[in-house]
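First up is the structure itself, then whatever we jot down about it.
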C-alpha cells in the first residue's frame, strides 16, 4: 500500500500526526510525547515531508528503535514521489547554501592545511551556519571555552638538551589499548551535520594511525554503522549518556558491548541542557540573512515564546539527572565488564571519589566549555591534581580534553600526568572540511607536532614526559593570533 | 480662578516665580531655595510651562509634599490650554526622539532576548540619550563599574558531579521574606525616565515570581503608588536616604511603614554627589547633535560656569552627611521596628562594625560604581569577609550588588556567603525596553540560568552553595564580548 | 649705531657669527661653544634673524646673563626693520599653524572641561606639533610614562562609612608652607612653547588657591619675571639643575634666594639627556607634513648624521654629572639655608640615604617617564617605602609625581604617606589651552575630586588619610578610556 | 669542453641529473641523496639553470666542498651563455620584486633611523617576502618569540642617584676577548637572502666597535670569506651545528680553527627542524599574490603532499640528534682547544650540568623562539638561575639572546648576571636595509642607549650592574607600540 500526499496531509495534528521521511510514511502520533527534541519540532512537519530536517541529525536506526512496525505505514505513491522530487529540484537555495557552494569552488588544497586552525578556518566556510553554530557554540559568554585554551598558554617547557632523540616514539596505551599518539577522539554528537558520511569519516580516518575514537551516544550514524566501518584491529570507545530508565540504559550498553566497543565513558557533566546562545540564535541569524533586513512586526513587541534549548538541549532531555557515586557506579559495574571511565570530572575532590569508586579512568573535562560556564579549565584541574594528589595517577588513568589544538598542548598535559588527551571539535571540523582524508590530515599534523615537541624537549618516549618538564608561569602570554 | 499665559509669564524671577505643570499654576518662589536640584533649573522655566522637564523625574506627590495649598494657584485658562496643546502638537521632534521612534519600528520581539545583555542593548536604543546616560553612568572613568563586573570573572566553579539534581530549588528567604530566587531589585532612582509607567513596571513584573523590590527614596512614582501596585503577598523593601533633618527623615519612615514596606536599607555610600561625567555631559551631547556641528562661540573661550552635578547630584543634596555608628543606628532603631540593613559597606572593618551595631543585614555595594571611584568590587569585599571573618555571616545577612548580569554571578556570590544578590540597572533597562513583561523576562532568564548553574554544579538547594565550590584564580579571564 | 641686514649677513660662520633677535644684533661668536643647545642650531641662523627660533625657549634675561655688553651690538637699521617686518607679514603659514588656527575657532568653552583629560585634549590641538611633542614625549617606548599611570589603577580604596564628612578640609602644609590641597606644580620647562605668557600663567592661576609652584631651572621666563607675578603671600619653590661649575651653580642659588623662592628641589634623575623619540622626530613629522610626501633623495640612503638630542637634551648638557651624597648635599647645605628636597629618588635605598643626609624632603619621581625608561613607577616606590621603611616618613617629607590626573590619584598617594603630590604636564596643558584661567580650572577640578573622594571614604581631614584605607590589588584594572 | 643547453636538458632525472650554476655545469646525480635540502628541490631544476635558486642560500665553497672534481663538468657553450643572458634579461619582475624596487625609491635616510624597530621597519620593506618570512618566522604560533620580548618588560630598574657617571665605560670581555659593549652578534643563517654582500656586511660593520660576531654554520658565505673580511684585531666566534658523522664534524672544526675563529658555540636546541609556519607558507603567499586570486583547482581538494620544512628545516637534517653530556662534550674537548660554549640551554638544571661538564660558557637561548614553542624566555631562565644557583655565574660565563631590542634590555640581562647579550635578527635586518653602515648604525644606537641607561642608573662600569638594581614586577606592562 502506498500513500498520496493528500492523504498524508490530513494527519497534521496531535491527534493524528504523520510525517514523510525518505518517501516513506510514519505515524508518529504516539511518539510525539517521547521525542527528545519535543513535539513542536515534529508538528511543524505534521502531514508533510520531514526528510530535510530529520536526516542530518538522526542515525539510520532511529525509526526502527523508536517506532513499532505498525507505525511504519509504508511508501508514498508514485505521484507523491514525482511531486517530492520536483519540490526538491525546484527548491531555491538559501543565501547560506549559496555561500557554501561558492566557497567550495575555492576550497584550499589539503596540503595548504598546516595546523588545526587552518582546518577550522575551512570548516567554518564549508559548514552550514546552523552546523557551525552547533559545533562551535559553548555556554553563556563562552568564557570557559576560551579559558580552556588560555590555560595551556600558562604552562611553559623547561626543555632539556643533550639527550638522544633520533629515535622518538610517541605511542602509548589507553586502558590497555594501543594508540600511536597520546590522543583520542573525544565523543561529540551529530557529525552528519558537517558531512554526509558523518562519524564514519572519523572512524576510517583514524584507522591507519590506531587513534581511538570515542563514539557519542548522540552520533548521527547508528553505533552499528560506525562499528562496521572500523578496521579489524581498530578500537572504539563509547560515550555513554545514561537514560533515566535503567532498563533503557542497559539496552544501550548491551548493544555497544555486542558491537565490540571497548570502554564506557559515562558522561556526568551534562545532566541538564546548558545555555548555548550561538546555537539558540542560529535560526534567527539565518532568517534575518534570508530576508535581508531586521524589521520585526511584533505588535506590542512583547510576545514571549520559549526560544527552546537549541540542538544540544534536545539530545539529553531523557538522561538521568540523579546519578550518584553510591548508586550509579555499582549498577554500571554490575551490568558490564567493560572498563568504566567518568567523563566530566571538574575538581580534585571528585577525582578522589572516582578513585574510591574504583573506576578505570577519569576524563577531566568541562564538555569543551559547553556545559557549566566558569568551570575550571581541565588543564588547571589536572595541575591541581598533580600537585595535591599525585598518588591518584597510580590508581586510575587520567585524561583531559577541551581546546587542545597543538602538539605542545598534548605534551603539556601528558607531562602533568594525563595518560592521553581528547580532541572533539577538531575531528568534526576535519571531517566536515575534507571527509576522511581531513581526519587523517589532522592526525598527521598532530603527530609531527608531538614528535617535534618531544625531541626539542630532549624526550624520546612518552613516559619520560614528567611534571618537572613544565612550569606554570605567573603571567598570561599573548593570545594566539588568528593568522600570522 | 484660572490664569492666562500672559499673567503667568510676569512671574519669571526670584522675586516671584510661577511655573505651569500639567496646566496648573504653582507659585514656587519660596521653594526655590529648598529645591534639591537647585533654583537655577526652576528659574529656567519661570513664568512658563515646565511639564516636560518636571514630569519624568518627580513622583506624583512631589507638589503636594513640597508646596503648601496656597502655593497651588489653580488651572490655566482655556486660551492657555489651547495654546499649550498647540505648542505640544507643533513641537518639532529632536534627532534623539526621532532615533528612538525609528528604533521602535524594528524593536526585536521579546523572545529574541535571551540574556541580560540583549535586554540592555534594546534599552540603550529605546531610551532617550539623557535617560540612558543617567542610568548607565558611573563615577569618573567608570573603572569601579567595570571592575565590579570583572571581579566575577576571577571566580571559577569547582563543580561536583554524581549528585541528584532533578529536583532543584533556588528559593530562599531574605530577612525572613520568601523569594523564588536569591536575587532582589536593588533600589535605583527615576524609572519614569525610561518608561511612563516607571517603578510600577518592576513591581508588577516581580509579582509572579515573588522577587522582592527595594524601592528607592528617589523613585519617580510616589511610595504609595508603588505600594498600591503590589500583589497581596508581595514584599517591598525601602532604600532610605536619610534627610539631614531627623524630623523630615522620620516622616519618610512613618510613611513607608504605613504603606507596608518591610525593611529599611539605609544608604551610606552616597552622602555627597559623585562625579558622573556621562550624565554631566549628556545635555551637551544632545545640543551638539541637534545643531549638527561643534563650533563654539565663546568669545575668549574662557567663560567658566559650573556644569552642575548632573541628575544624580541633585537628588541627595539634603541628605545627612554626618551619620555615625554611635548616633544614627540607635536613632533609627529607636524610631522603627523594621529590619535595618546598611547599604554601601565597602570593607571588612565596617562589616564588623555593622555586626556590632546589631543591624539585620549589610549590602556590600559601591553603588554600582556610581559613587566612590576605585572602591573595591563588592565581590572582592565579600571574598575577604568570607576568608577573614566568616563568623560575620552568622550574625547578620550579607548581600551584594553591582554588575550582576548572569546566573553564574548570582551563584558565585551565594557560594561566598551572600544571602541574596541585588540587581539595579538590569531592572531599569528591562522596564524601559518592554515594560512589565520585560521585567518578567529577565527574571525568567535569571531563573533558568541560576537553576542550570546549580544543577551543573551538583547542587539542588541554595544552602548547598558553599565557599568550597568556588575558587579565586590568579589570572584575569577574557572579557565578555558584546555579542558572540 | 645700527646695522644693515647686508652687514649682518657677512657674519655667518664660526669665525664671526652674528644673529638678530628682536631687531637687535648680537655677536655670538665666542658663545657658540658655550651654548647648551650646541653651536649648530645657532649657526643655522648665523648672519640672519633668529627671533622665531629663540623666543619661545629662552627667558628674557638669557642674553644679559650669557653675553657681555660688548657682544650686544645694537639695533638693526630702519631698512632692516622694514624688511624684517615685511618678511614676518608675508610668511606663509605652515600646515601645522593652519591646523591650530582652525581649531581655535571651535575651541570648547571652558565650562565643558570637566576633567584633566579634557584639558589635555584641548591642549593637544592648541599646541604646535613641536611643542606638543616636547611636552608629552617620554623616554624610549614611553613605557615608564604609561606605567606611572597604570600603577595608580592597582590601588583600590577600602572606604569607611558612617563618619561625619559635612566639613571636609583638604588643606595641608608642604615644608611648612600652606596649600589648600595636597598638590603642587612640579617643575617643567618651557611654558612659553605653549602660550606666550608662559610660566606666569601658572603663577597667577595658582595664587587664589595657594597652590605652590615649583619653578624649573629651564623656565622660559626669567626667575625674576615669575617671582614678580606672584601674589604677596604666594609660595614658590625652585627646581634646581646644578651646573657642573659650583660657582655658576651658586650664582643661580643666590639669585633665587634673593627673589624669595622658598625651597630648592635638587634634581638628580636627569644628569644626562635621555632618548625622547617623539621629540627627536617632531621636526621630521613637520617636514613630511609640509611637503606632503615621504620621498627621500638620500643618494645611497646611507648618509648618517646625528639627529641630536631634541629640545630636552640641550637644556642640561652643562649640568653636574658627578654629584654624590658625600659631596653635593653638604656643599648645598653650606651655601643656603633654604629647605633642600631631592627630586628624582627612584628606590627605597636612596630614600634611606636621603634621610641619612638629613635633607628636608624627597620627591619620588622618574621625571614623568622622561629620563630612565623602566624606572619603577613612583607610586610603587612609595608603596615599598611605606611597607619596608615606614619610619622614613617621620624623618623627612615624601612627595611623588608622575601621571597624576585624578583626585583619586592624589588621595591614594597621600594615604600611602605622601605629604603632597606634584603635577607637571597638566599645568603646561592647562596654560597652553586657556592661559591663567585654564590653570585655575584644573585646580578647581582637582579640588572637587579630592574633596569628593575624601568624603566618600569617610575622611574629613588630610591626616586621616592612612595606609589602611588603600589596598594594592593583584590584578590590573581596565585602562582608562580616552572618552566615555 | 663546453655544453649546450640541449645536452644538459637531457640529464633531467634521478638517473642522471645535471644543473647549471653560474654558467657552469654540474653532475649532481650522486649528490641528490646527500643534499640537506632534499632531492626534490634539485630535481625541480634538473637539466636546467639553477642559479637563481642556488645563489642566495649557498656559500661560495659549497660546490667545492660537496662535489668531487669529476662532477664539475665545465662551462656551458657560447650559445648557452647568450641564451641564459637573454632569459635573465627578459625575466618579468614579480609583484614582490616590484614592491621592493618601489620602496627603494623612498627608503628613509639612515639618520632617520633612531632605534632598532625603525631599522626592522625598513628591512621588512627592503627584503623579498621570502627572505623576510625566513628571518622573522618562529615556531608554531610564535608565542615564544613574543614572550621573549615581553619578559624584558617585567623587569624594572631600581635606579640609584647621586653617583658619579660623567665617565661611563660599557666595555667588557667575552671569553677574554674585548668588546666595546656587552653585546655580540648571535649566529644566524643566510645573510645573503637580505643583501648580496651577506655576512660580510656584519663583519665589516662590527670592526670599528670591536663587537664580536658569531658566524653561523649555515652562513651564506664561506667561513673563509667572512674571516678574510675581518680587521686584524677583530674576534670571530663560530656557531657550530655538529654533523652526525664525527669525522665530518671534525673537518668543520679544523677549518674554522685554521681560519682563526676564537670559540665554538655548540648549538643544542635545534637537533630537529621545527615548525615555522610563516616560512612554510611564504611560497604560497607569493604564488597567490602573483596570480591575484585565491582559486584552487584541486579536483577533490584532497590531494595531500608534504609542504616540506621550509628553509630552516633543510639546513640541519644531517645534524647529530643524539648528542649527550657524557659523549659529546668530552669528544669536543678532546679535538679542540678553543673555548666551548653550549648554545640553547633552556632551564636551570641544564645550566648545572653544563658547569659540571666544565664548558666555558652557556648561552641561555630558545633560538629566538624558532625551535621549541613555549620554551621559557631566556631572561626568565637567567632570573631563575640568579635566584636559585647564583654560584653558577662563578663557574662559567652566561649569555642570553632572544628579542633584545633596546639598551635597557641589555642592561637588565647584565644586571641579572649575563656576561653579554646576543642579537641575531637585528643584525640581519640592519645589513639587509643598509648594508655595512646599517650594522654600524644599530651598534651606535645600542651604544647610546646602553650608556644612557647605565648613567641614569648611577652606574659607570659594567661590573657595577648587579641584581639588586632590577626588580621583577608582578604585572605585565603595556606592549611596546609599533610607532609612537
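Letters A, B, C and D name the chains as they come in the text, with residue numbers starting at 1 for each one.
Keep this in mind: a residue touches a chain if its C-beta (ideal position, glycine included) is under 8 Å from a C-beta of that chain, and two chains touch if they have at least 3 such contacts.
Bear in mind the structure is a predicted one, so any value in this text is a computation, not a measurement.
Undergrad: If every step must land on a chain the current one touches, say how few steps get you from chain B to chain D.
TA: Contact-graph shortest path, chain B to chain D, evaluates to 2.
Undergrad: Can we say the copies chain A and chain D touch using the same residue numbers, with more than half in common, or are the two sides different?
TA: Here the answer is different, because the shared fraction of interface numbers falls below one half.
Undergrad: After a C-alpha superposition of chain B on chain C, what does the rotation angle come to, in degrees rounded to the nearest 5?
TA: Superposing the C-alpha atoms of chain B on chain C needs a rotation of 90 degrees.
Undergrad: Roughly how far is chain A from chain B, going centre to centre by Cα mean, in whole Å?
TA: Chain A and chain B have C-alpha centres separated by 45 Å.
Undergrad: So how far apart, in whole Å, are chain A and chain C when each is placed at the average of its C-alpha atoms?
TA: 63
Undergrad: Which residues belonging to chain A are in contact with no fewer than two other chains?
TA: 474, 476
Undergrad: Please name which positions on chain B make contact with chain A in the complex.
TA: So the residues of chain B touching chain A come out as 104-112, 114-115, 153, 155-166, 406, 408, 412, 434-435, 437-438, 440-441, 448-449, 452-453, 455-457, 471, 473-478, 480-481, 484.
Undergrad: Where on chain D does chain A make contact in their complex?
TA: It comes out as residues 140-143, 146-147, 150, 154, 268-269, 271-275, 277-278, 280-281, 284, 294-296, 298, 301-307, 321-325, 328-329, 342, 344-350, 353, 366, 371-376, 380, 474, 476.
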